[in-house]
């Protein structure tokens, strides 16, 4: 277990965490402002990945494909919100859970019907090779780009939420919806807009992670749970909480998978280590969530008043 | 004393009993044992859905991790059989015991939270168990565990026989429904109903809400484990997928479809969903697409599930107690 | 401590951020008395009652009930010890019938409810006791109607009944007549009068006529602070009270 390996895994953790943040931020805003549990958020991530794979093939350009896919997914998201999801805001959480669960089934199969169970997507050629960050540390240039994109979008999001008028509305709505409505903010348009942005963020994550994790039906289900863990840790309604939570989860999950089995092998017998190590690593994130919930039940940075 | 829940009409019960006993016998006579096996599967899911209905329907607790208990029950029996312990009584007792323990721990922690946090934490626990089991290579890991024999209960019962297995499952189902009915009509059941109406008020007249919910959660988890024990026997196989959160979602769908908070709602929901699945799958690979739309329609248009719809078509009888 | 004191509130403080809802409040309730708590809207009356019933945790101070420190005790335990509360906004078990609502309170104090097999309908004792309470409330004719079908005034009576059926030593009544019409209000008032000497009562009420008819003592809460406690006559002539509260009412 060299320092190089740890650094590399740390970078992977950062990269994964940033992508998780893209998913979690949309989720936490929808949850915080509209008080809606949206299980289909992961499906939008998948749709974004599929659109990307398809459009990259069509246009023969990675970045153009990504851009178009993001726009298309945002449109799909806004249409979904305006037609179906809007009716769920007033319903109880159980109905929201089940309706969006049904939506997952529909969207998954729709994608399968249109494109099949998976589509190939590779990183752009120019980024195929590694970059030498430090002597001995070769890191995938594509992953570096992901980190860059993630940080850039995070910055944009923060500027949007803290500096713009829309951001102020969003923060007002997140902490007190009735008050926001009383102040004359056009809630409907705001909600649709927030949802559209959330969908776009999902699409970016899907597009970026597609070449790494494989674009396939069902890819949304597993990452969705992690996104929920992130917002529970970070605090529902808080974008900053989603950021901190996502980076934390990214690190714990990625580093955990490398470090924990190693630590176990150092401390315990080889049989125990080879059985328990990976097992504990896989649940590390959930243990983290349980600990946070125990110490601070509303999450680290609760956005709610 | 009311003999049965007035929400499920008498004709449905009679029809159900006739079908439950008559249909497999007819199928057997026709040599269609494969369909008997399908019926067994539906009833097993029915038991699982009824166990979830205890906490979801009656208790109003949206637990997204119920499939974990089903999986635990299945794995307990599966592991024991793999290790050579085929005694059904031992296996099923272990399945229920371990699921009860898991429910006790998960419930103790989760029930301290409310609303969406409760949903999230039950979901997280289920995923924890899913990943844990996934990483245990000794019992199949992500490939799952095949078992070569079925549980042995003695009395000359050969569970490999489809018809015999079916009637064992039916017996368990009937006992489960009987148990749930007695529980919900007891003092304990009254408190649970009260908690669902207004748990703050229930505390304010002296009921320790948390304790009642916890006991309910443990009972539900135990029954879930029981259904898992049956399931691994039926499929001769169990994999971590049985515990994935989407499986919990499917169980919730069954409860909603059948009617939240009615005695056999989970059973009807399981039947409807699985029959729909099999029928639609005959025509298209994309049956989940159509099931998704149907489910969406039910949620949006008939929030009380199919039982609610049936009630609407009959006389608008209100829920009244009988003196 | 005086043996006739049933409830003693010592120096209770509760802050909501910058807002001090309960500002070093000390008061007591004697055995058998009807003690009214009045004050303008927003004075902190409901917050105080919530702290007494255990629904809200005070930041500091003590609550001693029947010679026992109950400050750390949770709500359901307080009820078991004889401290029951009714709510300003009606909270009934809507899907239960009227008699079953009361039967729940009776069930809570009679034996364990971790009983899973015996049908509760077979317990005639519960029904009889519940019926007796309904007779006292005057709701016996509505026994088998759903609680949600009662008129608002009748629901207020049932609300009171739920707390009463727990056989408390002290009843905390939060505006029992809120929203009830004149007929029901009179019924509730007479009900409370009938309870005098059998149950001690701490009563929040806005209706001044009712307060002066019912109360043995009155405490006045303004902006979280207790500004006066005394007999109705004393309170009526207390200049502080007149200035802060009654003066506005009778201006």
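Residue numbering begins at 1 within each chain, and the chains themselves are lettered A, B and C in the order written.
Keep in mind that, in the parts below, contacts are C-beta pairs under 8 Å (C-beta built on N, C-alpha and C of every residue); 3 or more make two chains touch, one makes a residue touch a chain.
Keep in mind that this is a model prediction, so the values were computed, not measured.
*Asks:* By CA centroids, point me to the most central chain in this structure.
*Replies:* B
*Asks:* Taking each chain's centre as the mean of its Cα atoms, which chain lies farthest from subunit C?
*Replies:* A
*Asks:* How far is the middle of subunit B from the middle of subunit C, if each middle is the mean of its Cα atoms, in Å?
*Replies:* Taking the mean C-alpha position of each chain, the two centres sit 43 Å apart.
*Asks:* On a C-alpha centroid basis, what's the spacing between subunit A and subunit C, in Å?
*Replies:* Computed value for the inter-centroid distance: 50 Å.
*Asks:* Using mean C-alpha positions as chain centres, tell me how far subunit A is from subunit B in Å, no decimals.
*Replies:* 32
*Asks:* Please output the residues of subunit A touching subunit B within their complex, sorted ascending.
*Replies:* 31, 37, 39, 84, 87, 91, 93-95, 97-99, 101-106, 108-110, 112-113, 221, 225, 228-229, 232, 236, 275, 278-279, 282-283, 286-287, 289-290, 293-294, 297
*Asks:* Considering only the defined contacts, which subunit B positions touch subunit C in the complex?
*Replies:* 1-2, 182-183, 185-191, 193-194, 197-198, 200-209, 212, 215, 318-321, 323
*Asks:* Can you name the residues of subunit C that touch subunit B in the complex?
*Replies:* 53, 55, 74-77, 79-80, 84-85, 87, 91-97, 99-100, 104-105, 107-109, 111-123, 144, 146, 162-163, 165-166
*Asks:* What part of subunit B is in contact with subunit A in the complex they form?
*Replies:* The contact residues of subunit B facing subunit A are 56, 62, 64, 109, 113, 115-117, 119-121, 123-125, 127-128, 131-132, 134-138, 244-246, 249, 252-253, 256, 286, 288-289, 291-293, 295-296, 299-300, 303.
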